[in-house]
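Each chain gets a letter, A, B, C and D, in the order it is written, and its residues are counted from 1.
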Amino acid sequence: MVKDLVEFRNLETHFKTTAGTVKAVDNVSFTIREGETLCVVGESGCGKSVTAMSLMQLIESPPGKIVGGEIFFEGRDLLKLSKKDMSRIRGNEISMIFQEPMSSLNPVLTIGNQISEPLMLHMLLDRKAAKKRAIELITLVGISRPEKIFDSYPHELSGGMRQRIMIAIALSCDPKLLIADEPTTALDVTIQAQILDLMRDIKQKLNTSIMLITHDLGVVAEMADYVVVMYAGKVIEEAPVLELFQDPQHPYTKGLLKAKPIINQKQERLYSIPGQVPNPIDLEDNCHFHDRCEFCMDICKVKQPPFRSHGKDNHKSACWLYEEEREVL
Amino acid sequence: MSADVMPITENKNTKKAKAVDTPWKTALRRFTRNKLAVIGFITIVFMFILCFIGPFFSPHNLYDYSLKNKNLAPNVTYWLGTDKLGRDILLRMMLAGRISLLVGFVATFITVVVGATLGALAGFYGKFVDTIIMRVADIFMALPSLPILIILGAVLSDLKVDPDIRIYYLMVIIGILNWTTLARLVRGQILTLREQEFMQATEALGLKDGRKIFKHLLPNTIPVIIVTATLSVAGAILTESALSFLGVGVVPPTPSWGNMISAANNLIDFRKRPWLWIPPGMCILITSVAINLIGDGLRDALDPKTKK
Amino acid sequence: MKQYIIRRLLQMIPTLIGISIIIFAISAMVPGDYITARANPNMSIEKQEQLRAIYGLDKPDYQRYFIWAGNMIKGNFGDSMQHKQPVTTVINTYVWNSFVIGIFALFFSWFIAMITGIFSAKFQYSFFDKVVTLLVFICMSLPSFFIGLLLIKFLALDLKLFPVGGMSTSGLNATGWTYFTDVLKHSFLPIMVLTMLSTGGLTRYFRTSMLEVIRQDYIRTARAKGLKERTVIFKHAFRNAMIPAITLLGFELPGLFGGAMILEQIFAWPGIGHIYLNSINMRDYPFMLGFTIFLAVLTLLGNLLADVLYGIADPRIRLK
Amino acid sequence: MKEVLMQVDNLKKYFPITGGVFQRTVGNVKAVDDVSFRIHRGESLGLVGESGCGKSTIGRTILRLNEKTDGTVLFQGKDLYKLPKEELRRMRPKMQIVFQDPFSSLNPRIKVGQAIGEALYDHGVTDPKVVRERVLETMNICGLASYQYDRYPHEFSGGQRQRIGIARALIMNPEFIVADEPVSALDVSIQAQIINLLSDLQRDKQLTYLFISHDLSVVEHLCDRVGVMYLGSMVEMSSTEELFRNPLHPYTKALMSAIPIPDPTYKRDRIVLQGDIPSPANPPSGCKFHTRCPIASDICKQQAPEYRDVGNDHLVACHFV
């Protein structure tokens, strides 16, 4: 039976702003299984990045703070770990790559220096062994002339190559989980294809589970085994990738799938979800999508739909359409 | 006739027609939240009241040289004591404050007018105009400002300029000599603004030059000017007091905080009668700290990037 | 890099010419001159005329400018009337006294500014940060002469901790170690004031630079690698914050050699600043002009040094 | 054949690289390198390509927002680069532009209503009531509520700001609009709203578009003809239907196959181009694509291919087509 690697249970991460508290992550629960690629998909401001940063405990406080819930990693609740233990896990058992390759590497340190750092810290390698391992890693991520790259500076590399170096750094200590926060959004489409190929190839070789955060449904279809859809800080649907694309339940997921123009499938007029994402400050206890939803009923405006499976075992969603008792309380 | 555009569904939050908060209102709100800046503002207001209104309430007047109560320590009638001519130190300090504050603000006004115009010209017209102005700016930047000011002060003394008129020369000299910092900042701001897409939009819309400059470029440059001007007021006050202390700035009998402190050159006064020179010194210190606090508060309030 | 330096040096020439014209014009405006300033009543008019001729003061202004500028290019700044020695030798004798207090003040202010800047950026909005911000504002608005006088009054006169002024106790013609400690005691107050004056601005500069860097993505990457907070701050953040700060070293150059005119006057410190101030009072033109040009050249070289240091510190520019 | 609204011939735009002691020009970034095309009235031409291919530069240069290096640009038969400054200014309303970044394309210090309407004052409309009337009407067409007239840009979301940008261009009753990546910075659901708005406006106001984007699927939906660019040159151009049914240039094929399809069952053998996009400062010799082209051979290295019509108005620049 495949073991659960990470389990989020009722995670709450809030940000204090002058205009009020923003519930960036509002009671989020889902699990990542070993060797699986889980995609968290949603538009900007839905809390997908904050969820990942909460797992890594890189939330800058003030203004942000994890106010509730638990995050289990291999059975241990990370939120209860001491700062020292947590920093031993970061970059070692869980590692992360980010969206902007152009600014994610330190401009004044050489590539080699930045790859060797986690090796020397977590794997206790000396400088020479770390250099050897670093050169292996540079080759693993598909860059030629690794010795030259080892001594060069980030500004001498293109966006695509820098993202490969970020992946090399993340893989340096054979992590169990690789978090990728929109790794290809800032890249051109031909380079994006290379990076996605590389990530799939690495998953085969090292059997690392991947938590991929994206807003592009095309990337989800290509990479994901399991998908979690988020909107305004909440998980509104989760399902295996095939299930989600063929039989989406939540109106927002359906809307997203229809809104994207697809090559060779020309439509006369694009379906578009009206309105815009609600103001995140002091949202009421109701379905946050109600004012943009074409199936909106009275109950949606008043009460929050439960997040449950409706018939299929691992396909859950939070929408009153599938609930029996729908009269307004 | 209009296309069947979906009516934009207003959700509750954006609907309520809340008061329109203009960029200036948001800036004011941010400024008032910054405690240090507000303290600075209150201090400045107090200094102005002290110097410009205080003298009317003082029981003494400037011209009663009564030698019998000269060099008195602070007492109930003379709150800050008297000097060797029996003049009330508190009254003189207030009048001196008028001069120092006036010189500081007028000199800065001159710096702003010269610096902002030259900076705007260099930034907006570019190429030929830009190179000339920037070359001249290089020269002024390299000029050691304090020595030049002292030399000019000495020149004023040699030309036997009447003390009252001398103040105005002083304002012009201090004002003229540090226009370069503001000019560079304004030029830099205009160059960055011209790259912004909304300035290219004014070009695409075919707006006339006048509208481009006064409706788009200047309003977005004003924050930089306000912050730099505020900080340079403190600088101007410090410069004036230094020159006056060296005897080449505001020259007695016109009182200024600087030349009141030069009383400390006489060893006995320095040691025995600190009330002669410490209060004006404290005034300079407090005024310039307050102005710097306001300047920094303005920078945070007006800079759109800093989201506090 | 060499090409860049050559270009900058060539660009300095027109600027220097411009400066020399302005400085000469200002000093030419002064009605009196060295002779009238020193003229004692019994010196007859002809005597004064003769003296002026010797010093060449009787020629029209523009001619005097070309003579002066011509000599200067040949390195001859003319003789100081007051000290009866070439300006360059006068500068050489006194400049090192100013350099001593300048270099110590530079070291202390940079050291203090770096530490406070880093910690007040790291613990932004903390109590420490608020105190530091207030202190920074006070230091930045200190009138140099007033603070000098205050310290002399309280620390030297009242508490007798330090000598009132001068560089060494007169009459004590000791050598070696005792002389050294004596000078050290005398220099303590001037160095302290100089440090206070420059620490304010520097601390604010370091703090803003650190705050800017701490928000960058690569700091988040460093933390995501599990590095200790100390390494993240001192290795990753500090190195990047230092790059713009290094250029400030260049701007300190004029201060180091130019001396603090007002402070040296208050502390009677025999530095070049003090001499320069006297030369202005005494209308000693050759020295006055010569030293002002010296300061201007120092400022220009300082600016160049600042840009060169920036190129060396930042790999993105160094390789160009 | 419909009237040609915009005719561009051998357009070049080079950015000089300076070096040496006297800042002499030592090289050129060939952002736009000899590009020609025509846009007919009522048509929307798509310009597609990756970063550094020069599509945005073309958009700005044909409106003379930055100066060309060579070539001719005729708008309604008039050569924009020969017009005196004032006459060019008076022609501006006919040709407008919508920008990509919703946050930097609006002046933060003036009200939205003013931003949309102010240009009218400089083009003959003097009565404020008339201006306000036309602004409110245009805002309504673009899906903005009237009470938002007095609001400031910082109170709007990205999608709404794009609507303001479109209203600002639309109010001038333009005939030709350059849309420079208008939806790239927006989320998918908002993107669809703006795309629909643009196509509705084209239908209702008979607008002509030059639509610049890096997203082929958006271009396929909106445009009648599409040009694919690589490193400053046009590599292929044809009607949308023809291009997507029968792409000829290897780069176009690779570009299309690289786009992730939101359908997990969709299987295809994807062409993944190796290597990185070369720097426009020193482009490869001969055919610029030869360093990454799967079917490159010696001729591609020496000689740049001729950009020719292979029938059915399908232009392509490749030796092997």
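Here is the rule we go by: contacts are C-beta pairs under 8 Å (C-beta built on N, C-alpha and C of every residue); 3 or more make two chains touch, one makes a residue touch a chain.
Everything numeric in this text was worked out from a predicted model, so none of it was measured.
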Chain whose average C-alpha position is farthest from chain A's own: C
Distance-to-centre winner among chains (Cα means, whole assembly as reference): B
Which of A-C and B-D has more C-beta contact pairs: B-D
Chain centre separation (chain A, chain C; CA means) in Å: 54
Geometric centre distance via CA averages, chain D-chain B, whole Å: 48
Distance between the centres, which are taken as Cα means, of chain B and chain A, whole angstrom: 51
Multi-partner residues of chain D (each touching 2 or more other chains): 193
Shared-contact residues (touching 2 or more other chains) in chain B: 6, 8
Sites on chain D touched by chain B in the complex: 60, 63, 65, 89-93, 95-97, 99-101, 104-110, 118-119, 121-123, 137, 140-145, 147, 150-152, 154-155, 165, 168-169, 172, 193, 197, 200-201, 203-204
Chain A to chain C touching residues, read off their complex: 56, 58, 62, 87-92, 95-96, 98, 100, 103-109, 117-118, 121-122, 153, 155-156, 166, 169
Residue numbers on chain A that touch chain D, as the complex places them: 43-44, 158, 160-161, 188-194, 196-197, 215-222, 224, 241-242, 245, 255-257, 259-264, 266-267, 269-274, 276-277
Complex interface listing, chain B residues touching chain C: 36, 135-136, 138-139, 141-144, 146-148, 150-152, 154-155, 158-159, 234, 238, 241-242, 245-246, 261, 264, 270-271, 274, 277-278, 281, 284-285, 288-289, 291-293, 296
Chain D residues touching chain A - in the complex, by the definition given at the top: 50-51, 157, 159-160, 187-193, 195-196, 199, 214, 216-218, 220-221, 244, 254-266, 270, 272-274, 276-277
